[in-house]
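Same chain, two partners: chain A is paired with chain B first, then with chain C.
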Partner chain A sequence: MFQVLVNGIIVGGIYALITIGFNLIYSAVRFYHLAYGAVGILGAYLTYQIQKFIFETQGGGLITGFLLGLLISSIVTGMLGILIWKFLYRPLRKNGASNVSMIVASFGLLIILQNLIGLIFGQSAKTIRLSEVTTQGYEFLSASITKNQILILIVTLVSVFVFELFLHRTKIGTAIRAVGQNSQLAAVVGVKTEKVIYITFFIASFLSVLASSLIALEISLKPTYGLMLILKVIVASIIGGIGSMRGALVGGLMLGVAENFGAYYFGSQWQDTVAFGLLVIFLLVRPQGLFKK
Partner chain B sequence: MDFIVQLAIYSAIASIAAVSLNYVVGFTGIMSISHASFYGIGAYGTALLLTKTGLSFVPALLLGVLITGLVAAFASVPILRLREDSLMLVSVGFALIIHSLMLNWQSLTNGPRGVKSIPRPEIFGISLTDKNFYLVLCLVLLVLTIIIFYKITKSPYGTVIKGIRENEEVMKNYGYNVSKYKHSVFVLGAIFAGLAGGLFASYIQYISPESFILLPSVFMLIMVILGGMGSIGGSIIGAILITVIPELMRFAGLPSSFAAESNQIVYGIILFALMYWRPQGLFGKYKI
Partner chain C sequence: MLMNKQKHILLATMLTVVVALVLGGCSTKVANLSQEKIKLGYVGPLTGDLASIGNDEKRAIQLALTASGRTDIEVIFEDSHCNGQAGSNAAQKLVNVDQVQLIMGAGCSDATLAMLPIIQQGQVVLFSSLSTSPELTKVGGEYFFRNAPSDDKATEVLAKLIKNKKIALVSENNDFGQAFLNDLKVKLAEFDTTPVADEIFNTGTTDYKTILQKVKESKAEVLAVISNSPVSNGLVIKQAKELGLEMAYYGTDSIAGSEFSDTAQDAAEGVYAILVAANTADDRVNKLLQLYENTYLEGPASDAYTVLSYDRMNIVLKAIDAVGYDAEAIRNYLHTINYDGLAGYTSFDENGDSSILPLVLRFEDGELVPVQQ
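Presenting the complex of A and B:
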């Protein structure tokens, strides 16, 4: 039982991390960026590739390679996020596309990215390893935690902490929050909305790569995983209240825990059903989520 | 020739599905992404009745369609409580739950292995194992579908549902029971998706859950959006184009190992480009 809870919290932390980015984008531009899941997965593939390159040709360690890969790939993919807004979404919005149009276009982009990943990296499943042999986990209050999971916890906690500081203690962070709450009002008082949206897309895509790469430590990557991931993100985001940062944290954790308990009681094949059942229940009973008025 | 007949059969089946989806999405404005699930329920219903109970084709298809309608009636209760993008999301949730049931309810659906050796139909003593006869059956049902939806959308009832698409609140103020209209539209649309699914199962003779996951729903939506929201003729052209494009790309000489990916990339580009240049589709008047 305790073990299930621990696993749930660890996975939930990753969901929270990626959902924070999703909500950040949602509150800045007010539509569902569905391709976001595939962007994260593309980043995770990059991390995998860089780690492999460093390990095989440069003689670096697997963990060094992973952390370096994580950093480079997050920055590169963050840039890609900006390009997606600048050259794809923004022209659509300027054209007067409705929210439903945006979601459809974004789905188109998701399909394109997913298949590009398949073409570039191949369809076979890939797992990021941190050591060449499977290592023994640590015992902690009758639950065992693997080294991978510890790394996941550390990266998740540090990222969330740094992000919170950034959002509440810096000028850009304040501008991001202002645009998220009311972009027109923010523009009136002199916030450069367009610049803030660029930064938002960068940070969110950055976070999505961190999260996706961490996921790749636990399960194997597949090009089509972007769709499943974005659906999980949407579930977490709706549980917490779409657009809310605190909601993303709680929603992600709840989803992770619910999924793991679902798998524990009904068998792992029902894990996703539990997640989407949760989505349906929340949309019907409390569509505004936990943290929204 | 054989190949062309096969493409024609696929196009006809896709057209039935697309026209019925257009009725839900284009005419009434219910943005559902669960149509392939109803298509799948129709396919599974018909296939299981044919293989497990030994019913003949016509009753099996009718029962399969009836089951689809019943499931849709239940599903419509939660789905239709929402609107626009939240409705899209809950319909996606529903589609994934149905897929997961097909995959995991092993005793009924045979799980990921799917249902094999589904018999081709026999109607009034004529065996339709011949592809040409099967094409005739599909075309007859397609024409029937077109006539039914054409009549409905031109009727006073059709005017009401188009009114609901344009402005739900106004229709409520006029005293129409909007929710009742939406439920009946949703169920009828699903019934015809089930019909298309039953035809598909009996033609292809083997079905597995993979044929009815989320992407097929999206492809149906692409057919409708490409052809034009609220245009029956447009949906048929959309269905034919989306069915034929992969075959054309095969002739373009791409290595077969890239075929699946490049097809889907083309679909993705179509979706994005349509939203940019022509959100009303090729023949539609109504922008989404």
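Presenting the complex of A and C:
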């Protein structure tokens, strides 16, 4: 039983981590950037490639390679995030596209990115590793938890804390929220809307690579993971309250725990039913999510 | 003036369409006599979760064609996305638009099953190197052939290996997984063996820890993973090791190839697999695998399916050489062959099932080696 709870928390941590960036973007532009999952996965592939290069040809260690790869690919993918806004969403916005059009466009981009990833890196699964041997996890109150999983949980908690502070305690964070609430009014009072959105896309895309690379430690990488992730992210973000950092954490954890208890009691084939059932319940009972006022 | 020009263009377009319709309406039999290329169809998972194996198949076909030196043959590649809908669409196009006489495919079994009505109606040969569902033995019909062994044979081998033990079954919720699971349970029942755990997961699941927790609680001695996704197999084995499950692991044919071992890495050690394998003791197999690597700068994801697809292309070429490009003649011819290929001797029974049998292999030092029985 305790193991099931631990499993749920680990998966929930993964969902939460990737939901943070998604919520951040939503805070600034108020639409669902569905390609977000695929952007993160693309970044994780870059991390994989750089790690492989350093480990195989430069004689570096797996961990050094991973950290260096993570740094480079996060920055590169952060830039890509800016380009996506500049060359896709911004022109659409300028032409007066509705939020529905934006979602459709972002879904199109998701599919394009998934296929590009397959084309560049191949369709077969890639695994990122921090050590060459698979070890049994630490025993903790009769539950088993691995180093990678502990790492994921720590990074998630720190990220939630940092971004919660960032959004509410810094000037740029306040600007992001202001742009999201009313971009025209924000511009009137002197907020540089464009710049704020660029920064948001950079940070969120940066974060998506961090999350996806950590996920790759657990579940490997496949070009199609972007879609799978974004579906979970949407559920987690609606449960928690879209746009909220605390909401991302709690939503992700709730989703992970519910899925795992669902799998335990009803069988794993009902895992998605439990997840989306939860989504429907929240949409009916508390559509604004847990943490949205 | 402009009006006139537009009229001309319109007239020319209409004429082209009419000519195309008239020519297209002529049967393929006529087309065969002319200098046109022979068009073969291929349907397989070229994108999606099993794309790596579809890719292997495609490349093996291209390698076999190149090796044969035949430039009069063209293969039209269509994507099955591993599902029935896409498979059926692809079959419609190949049979009705391209008017092929033979389709190599499909995979997965879901796609193959969905294609059957179309190829039966169009009287076109369907030749799969990837579909292993036992269902196809029953409903394949007279135009269906496969050199991939039916799972019926694999379940028989597996049941004999694990009978009378405490068995946990973890299977994928798709046509392949459930057909294999039910077949295996029937075979185990013949040995009075009932599994102690029977867990099903959806395609694309990445987190198996809770399923494995239930397996752990069942105190099973043997875990059989029934999935045609190499990644699912790899993740189950890896997460089982992380959870400290100590039992014997058995898997199906999807364990062959780099994708499984890349995912499971050192956790793959000692895992058993029931599969049709590329016999690396055969020099011709090694030559093919080497050629593959030299040509595409990476090894195949699955040696076994590369070999089967390579054999298939050669069998098809042999058939065309012997009896011409005609579905009925090829169908009759295939029932008579005993082809010495890279996967062994291939002949077909009345259901289109081949003589190729699955083997038991075990991971030792990262390589699958045959187990002496």
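Worth a mention:
One rule holds in what follows: the second predicted complex is superposed on the first by the 279 of 293 C-alpha atoms of A that agree within 3 Å, B and C clash if a C-alpha of one lies under 4 Å from a C-alpha of the other, contacts with A are read in each partner's own complex, and residues count from 1 in each chain.
Simple rule for what comes next: a residue touches a chain if its C-beta (ideal position, glycine included) is under 8 Å from a C-beta of that chain, and two chains touch if they have at least 3 such contacts.
On a predicted model such as this, the values are computed, not experimentally measured, just so you know.
Annotation for the three-chain superposition on chain A: chain B and chain C clash.
Contacts of A:Q269 after superposition on the shared chain: both chain B and chain C are touched.
By the touch criterion stated above, A:A187 is placed in contact with neither chain B nor chain C. In the superposition on chain A, A:A97 makes contact with chain B only, while chain C stays out of contact range. Touch criterion met: A:T127 reaches chain C, while chain B stays clear of it. In the superposition on chain A, A:L68 contacts neither chain B nor chain C.
Applying the stated contact rule after C-alpha superposition, one finds that A:N115 touches each of chain B and chain C.
The superposed model built on chain A shows that, among 74-82, 92-100 or 110-118, the segment of chain B colliding with chain C is 110-118. Note: residues 115, 118, 269, 272 of chain A belong to the chain B contact set and to the chain C contact set alike, using the contact criterion stated above. Within the complex, the chain B residues that touch chain A are 31, 78, 81-82, 84-86, 88-90, 92-94, 96-97, 100-101, 103-104, 214-215, 218, 221, 225, 258, 260-262, 264-265, 267-272, 275-276, 279, 287-288. The touching residues of chain A, counted against chain C in their complex, run 3-4, 7-8, 10-11, 115, 118, 122-127, 129, 132-137, 139, 144, 146, 218-220, 222, 224-225, 228, 259-260, 263-264, 267-269, 271-272.
Chain A makes touch with chain B in their complex at residues 31-32, 88, 91-92, 95, 97-105, 107-112, 114-116, 118-119, 227, 231, 234-235, 238, 269-270, 272-273, 276-277, 279-280, 283-284, 287. Residues 47-49, 51-52, 55, 173, 199-202, 204-211, 213-214, 230-231, 234-235, 238, 241-244, 258-259, 262-267, 298, 301 of chain C are the ones touching chain A in the complex.
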